[in-house]
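So the structure is just underneath, and the comments pick up after that.
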Amino acid sequence: MFKHIKELQYNAKPTKPDPVYAKKLQEILGGQFGEITVMMQYLFQGWNCRGEQKYRDMLLDIGTEEIAHVEMLATMIAQLLDGAPAKEQDAIVDQNPAVEAVLGGMNPQHVIVSGLGAKASDSVGYPWTSRYTIASGNLLADFRANLNAESQGRLQAVRLYESTTDPGVRDMLSFLIARDTMHQNQFMAAIEELEQNQKPIVPSTFPQELEKQEVSYSFMNFSEGEESAQGRWATGQSMDKQANFEYIANPEAMGQVPNLNQAPAYIHDTPIPGQTSPKADSASHTQNN
Amino acid sequence: MFKHIKELQYNAKPTKPDPVYAKKLQEILGGQFGEITVMMQYLFQGWNCRGEQKYRDMLLDIGTEEIAHVEMLATMIAQLLDGAPAKEQDAIVDQNPAVEAVLGGMNPQHVIVSGLGAKASDSVGYPWTSRYTIASGNLLADFRANLNAESQGRLQAVRLYESTTDPGVRDMLSFLIARDTMHQNQFMAAIEELEQNQKPIVPSTFPQELEKQEVSYSFMNFSEGEESAQGRWATGQSMDKQANFEYIANPEAMGQVPNLNQAPAYIHDTPIPGQTSPKADSASHTQNN
Amino acid sequence: MFKHIKELQYNAKPTKPDPVYAKKLQEILGGQFGEITVMMQYLFQGWNCRGEQKYRDMLLDIGTEEIAHVEMLATMIAQLLDGAPAKEQDAIVDQNPAVEAVLGGMNPQHVIVSGLGAKASDSVGYPWTSRYTIASGNLLADFRANLNAESQGRLQAVRLYESTTDPGVRDMLSFLIARDTMHQNQFMAAIEELEQNQKPIVPSTFPQELEKQEVSYSFMNFSEGEESAQGRWATGQSMDKQANFEYIANPEAMGQVPNLNQAPAYIHDTPIPGQTSPKADSASHTQNN
Amino acid sequence: MFKHIKELQYNAKPTKPDPVYAKKLQEILGGQFGEITVMMQYLFQGWNCRGEQKYRDMLLDIGTEEIAHVEMLATMIAQLLDGAPAKEQDAIVDQNPAVEAVLGGMNPQHVIVSGLGAKASDSVGYPWTSRYTIASGNLLADFRANLNAESQGRLQAVRLYESTTDPGVRDMLSFLIARDTMHQNQFMAAIEELEQNQKPIVPSTFPQELEKQEVSYSFMNFSEGEESAQGRWATGQSMDKQANFEYIANPEAMGQVPNLNQAPAYIHDTPIPGQTSPKADSASHTQNN
Amino acid sequence: MFKHIKELQYNAKPTKPDPVYAKKLQEILGGQFGEITVMMQYLFQGWNCRGEQKYRDMLLDIGTEEIAHVEMLATMIAQLLDGAPAKEQDAIVDQNPAVEAVLGGMNPQHVIVSGLGAKASDSVGYPWTSRYTIASGNLLADFRANLNAESQGRLQAVRLYESTTDPGVRDMLSFLIARDTMHQNQFMAAIEELEQNQKPIVPSTFPQELEKQEVSYSFMNFSEGEESAQGRWATGQSMDKQANFEYIANPEAMGQVPNLNQAPAYIHDTPIPGQTSPKADSASHTQNN
Amino acid sequence: MFKHIKELQYNAKPTKPDPVYAKKLQEILGGQFGEITVMMQYLFQGWNCRGEQKYRDMLLDIGTEEIAHVEMLATMIAQLLDGAPAKEQDAIVDQNPAVEAVLGGMNPQHVIVSGLGAKASDSVGYPWTSRYTIASGNLLADFRANLNAESQGRLQAVRLYESTTDPGVRDMLSFLIARDTMHQNQFMAAIEELEQNQKPIVPSTFPQELEKQEVSYSFMNFSEGEESAQGRWATGQSMDKQANFEYIANPEAMGQVPNLNQAPAYIHDTPIPGQTSPKADSASHTQNN
């Protein structure tokens, strides 16, 4: 169960309206790595958690914080929209191309659909979808998803910080960026803890002798030229400490040339010359009736 | 540019048809962490790469390999569909509930739409979407995305391995699982290399003094009870070695109570008693014409 | 079955082309509450109607009218696009930022994809989806959906009316707005009629003694502060006249602390220290083959 | 800002696992009228609210409650999945068609993707999308959306109640159904309050003389036969008390026969015999370079 | 404008209910090549038509017919759902695995969401989307789209015919299949007519000297082995009669090795060792404030 | 299996950056008829091919070429983005409306999400979806899909050619346009070959006596006025040479007036006055527990 506190977690006050920037800021509200994604991701990971209680609690704590971040961004966007020159004729009367540019650069749904309110969409107006949410039941896998989400999310917040000079917006972003610093640290810590308790390859519980082990540590070079041999991934001990990396400069195909069976007549794929006619078959269906 | 080799990278031959399993196997072909996702993700990361050439080459090598995995899975699924009892009346004539069950468990589009061919969809028939593809231009962020994708992907392949006893299917999966072992190792190695060249917090280039540093290392407990204090993320040195973790048992709101301005009249939000009538305004529009 | 009449239901002629406005007008053609939505919603409600014939007929009458509204909007948009400065070089030669702004503000698919034709998309280019369509089989529920659709739709049409000064566009919108006035009235009338024949809570046929009646009339205050106590919903007789509203200032949790079972080994969730190894289990699968 | 309470708002404990029912129950978690929809809808309406404070508070109170309903459903679904016979060979060994039927009837992503956890999807596995969320800035419009959502939602919960005999599941549903009774009452009360303060036609602030008033109260019969004349919507005073309903048995077209201009040459639509060749035009582009 | 006729265009009466088949039949109602697609496609092509009037009229005639097909399919599906054993306990009481299989094979939304009504979705429950609709403004291109749609549509209807023995369903399908025969013929005729008036390559109005003509008639073999040389496309006169086909057994790359510029500092892509620090740049932003 | 060649198939070098054009060019990368669509379509048709080997090989050859086209477009777009004025303040400082216009006209995700890289989306930012991919198993049907895709694709490339004067972009487009010329020719040739081996109506294997032959060659005029009678489709021999076209000026309805059964009580549709109360029924459920 949840309770709402009326104050925001941190201030969300722009210095002046900026409806074009409001459109951009939607990315970290309703985009693939926006706050709705991490909110839903951590809450669902917590609710589905079948592991130790401390993980469930940690996930629900951070998921609950992310609801507050959604709230901050929605509040900020609504205020950035305050000055929307929604009346086209204002621009026309003024013959002011800059105003017209603003109109062109806005998300039109901010006027027509939400009436100067935030939407749960990204910066191109694409709606948030739960396919962004990752919750597999395997915590090591999911903490890697979370570390990625916090990395992509902080990167996007920084790019948005660079795209404005509004001190109020930057102040709010500096808070979100700092929390992303913590959250990257947090999931790195959780990953380290889990990797020490189990093997680092997810899932650690699958018996490795059941996999095709001769290709488990081979980098395969599928191009001419071998620049890809220069990385850490091509030589030395593997990261799971089970073997050494191997570089295969010219990987060979190990499988068959595919040769599919003809489809049965009732599928009506392309007839092949010489095939038995499916006509009799279809006719018999009718006679059954 | 690309060339096609007619042999598969590894064998993809089921021992017998199994159209219900074909539906499930679609998950690692066209699902969020299926082979189409990693194929597109690594190719786009490579094509967009503005970093060192070895990263571009590595990404395009592995992306090219993933096209071959898509090919293997498509071939396998087409063969698993060979025995589809597509004619409903066969089941009815037989009064055989097991056959009926198979019909109920199949993806109907495997008969009606693709004519016993694989589709670029997941196990519930949802189409693959490029919103699954992650390519940010920041390699450390993206390699974390890749490590996650290989973790989720191997987990799903293992669950599918557990869901069949067909030796041919298991043989193919044992190959894909082994490659996922390599690919998890590979991206762990690439991450380690990058983290040694830059700070581990993405993006490492944003000056940390610009973020709200008092909350950069604090775990905030947004629930009653403190199970979440027991993890590595709540105490000790932070993973980026810049500070120590702090546990805040009762985080306080630091922001304002939001109070939005009334919308301008031409937005036609809810009128508030005492507000100036917007009627005059609308009427004047007409007089302008 | 349907017949087409070549005249439009009402005039749809802009005074001059305006490709930026064409993009906006798409919202009430292909958006969530655009004419395609109500067309499909009323037609499907009519075709699925298992109630009295007068409801089916009414729904199909209005659904048929909405096809004509789709036609009017498509025709209007095609004409608004007539003057699209599709050739980028015209703007460049002119060094005319206003023209460039127009180019930036257009929907590029109006040139590239539809060749100056209307699309079945909304104002941000998102395609119409049938998930917008509501048809539940329960007419009281669905008439509430319809009243909502006509309310949102008229609101959006009014906002678009405010966003243009073109007399031809305003003339067409004044017709659509008037029809929305009628359609709001119409569904209010139909709702009143149904509410008088049955109880107003949907579905009226579920025996109320089967619901948890102690919470059926309680407003629960999930925040500090009690502004929410000031509304009609917090005191007085309930709208269904079965009880009085009750305001619960501090709602208590009534449920358990969730505690999920560990997943079976073949799911390969996070291993918990001390758990039986799943290795033997997986190995036995192989021995089965 | 939000806080999490570890107890559920109400019990969510099934008597026994039922993975096929888990798939169905997803509808009221992640479907169009599931708890995620109302949670997001009320929170966004509250955060975007520019009206009186009591409406904002009421919306955030109920939105916060809906997060708790999402939590209850996720917890219930995870437990219903406990007994999933995820290993196909169990069914095969048993030659038990009922077990096979269960496998066919499950959502395969409950095993492969979420590892026996709830997903933010509906009963056919379609992901939740924010296009379900309605928040227009006009409270009367939005309260009608909310009344509809609570009507559709209660109807679906009742149908799910009828589809199980599990006492634990029914107990939880009896709570949700009761809350939907309250929430229908609540939004009916809020609507009544707003309709008394303003005119009932949304938006009430648009001057009615600007709409095409001769069609504002006419029911138009777009079919042969006049069953649709029998309803309250066809005769008597209109619901907004501004006029009387009128029934038009044979509505006439009032608009033009559309006749679109030919597209400019650079659009490359179908050439019409006799049209000036666009070739010269394209060639001149090249000469510009 | 449109009028509704209460009779269906052709009978749509099943002999007995079959809710599993109802799920499958959704494919040709709401799938990619279902009747909604062709209805919307022909109507939008007609409304957007800037060519000769006879094409507009033909498109609107057939689009209007397709609304009637949507109506027939919706009516059929509602009747197929009549016998849905929606009450799970019936199956449980009976211990009848066939009934359980039916439940597993149904689309659960046919009970929970639409209350035994048709939905505008396909056979896996995926909603119809307007991205299926093709209308480019170029009639030759679009008539090819239409010929394809009628080919895919008839193929799917035939597969569904083969999947049932119900005489009523087959009777309706025999009508739709016959109309698809006509519609394939119709668009083949329209294509022939247009190809005789213009060149067959779409768009015919682009000056061919502006394309890279040395590759305009070459089949490029991107694999080892030359089975692809055996087709009509590899030798002989080209279909547009402008040249002869050429078979290139070993196509060479004609382009550059890509080498992208480093991103500017404010994008925060991966830093490259030796790069100027972006720190000063970000700091200066702050000083601007 | 596949191999990567580091050179592009053809040059992809813009003369200067143009981030607004980069947004438009996305249409033929990730749009409905972009290169990703044809890549996936031909590869899946090839992998699923159950026909003669020459068709499989041809499809995989062209599918492999299309991967190279995706690569060229991604490379081009990344370079067009080079000059993105991502820092908003540059525009503000300059008070330069043209720069502001560029910012408004860009796809904001090109900065925030992909860091100046191409995305697998279309020109309005909508993600590529596999529902664009057509692969039915019937080659004649699919070659018609392919001819359509190459027609729509070439049309869009030509419109984009007209929308730029950049010689480097035009050079690349001239190559893609030429390849589309070949690919239209190629599929026209393949269609001719298949139509000579089988009847032209897809699927040719369905016995025509099973379809409702009296409507197989009739054009039905669903409007007043007979402009549609002027086309080739209304008179003369049908294209499949089986009959003559017939023009039906006033098509009559041939079907029933639909009349659906009342839904069973547990569906809770609208109650009809006089219906048996469903209350007893629901109560008995409870007694079962």
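To keep things simple, chains are lettered A, B, C, D, E and F as they appear, and every chain counts its residues starting from 1.
Please note the rule applied: a residue touches a chain if its C-beta (ideal position, glycine included) is under 8 Å from a C-beta of that chain, and two chains touch if they have at least 3 such contacts.
For each chain, UniProt lists the protein as follows: A, B, C, D, E, F = Mn-containing catalase.
The structure displayed is predicted, hence computed values, not measured ones.
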item	value
Shared interface partners, meaning chains that touch chain B (Mn-containing catalase) and chain C (Mn-containing catalase)	A, D, E, F
Over-half contact-pair match to C-E, picked out of the listed pairs A-D, B-C or A-B	A-D
Of D-F and C-F, whichever chain pair has more C-beta contact pairs	C-F
Turn needed to bring chain B (Mn-containing catalase) onto chain D (Mn-containing catalase) - CA fit, degrees, nearest 5	120
Distance from chain D (Mn-containing catalase) to chain C (Mn-containing catalase) - Cα centre to Cα centre, in angstrom	7
Centroid distance [mean C-alpha coordinates] between chain C (Mn-containing catalase) and chain A (Mn-containing catalase), Å	25
Multi-chain contact residues (two or more partners), chain B (Mn-containing catalase)	1-9, 32, 47-48, 50, 55, 57, 60-61, 64, 75, 78, 86-87, 89, 97, 101, 104-105, 111, 113, 115-116, 121, 124-127, 129, 131, 136-138, 140, 155, 158-159, 161-162, 165, 203, 206, 210, 222-223, 225, 253, 255, 258, 260-261, 263, 266-269, 282, 285-286, 288
Category of the chain touch graph - line, ring, star, complete, other	complete
Residues of chain B (Mn-containing catalase) that touch chain F (Mn-containing catalase) when the two form their complex	1-9, 30, 36, 40, 43-44, 47-48, 50, 57, 60-61, 63-64, 67-68, 70-71, 74-75, 78, 113-121, 127-131, 133, 135-138
Interface residues, chain A (Mn-containing catalase) side, partner chain E (Mn-containing catalase) - complex	155, 158-159, 161-162, 165, 167, 170, 266-268, 282, 285-286, 288-289
Chain C (Mn-containing catalase)-facing residues of chain A (Mn-containing catalase), complex	1-6, 47-52, 55, 86-89, 92, 95, 97, 100-101, 103-105, 107-109, 111-113, 115, 121, 124-127, 137-140, 194, 197-198, 203-207, 210
Residues on chain D (Mn-containing catalase) engaged by chain C (Mn-containing catalase) in the complex (per definition of touch)	5-13, 32, 53-58, 60-62, 64-65, 72, 75, 78-79, 82, 86-87, 89, 111, 115-116, 126, 129, 131-132, 134, 136, 138, 140-141, 144-145, 147-148, 151-152, 154-155, 158, 161, 171, 174-175, 177-179, 181-182, 184-190, 192-193, 200-203, 206, 208, 210-223, 225-228, 230-233, 238-240, 245, 251, 253-258, 260-261, 263-264, 266-269, 285, 288
In the complex, chain F (Mn-containing catalase) residues that touch chain C (Mn-containing catalase)	20-21, 23-24, 27-28, 31-32, 97-98, 101-102, 104-106, 122-126, 155-156, 159-160, 162-165, 222-225, 253, 255, 258, 260-263, 265, 267-273, 277-279, 282-283, 286
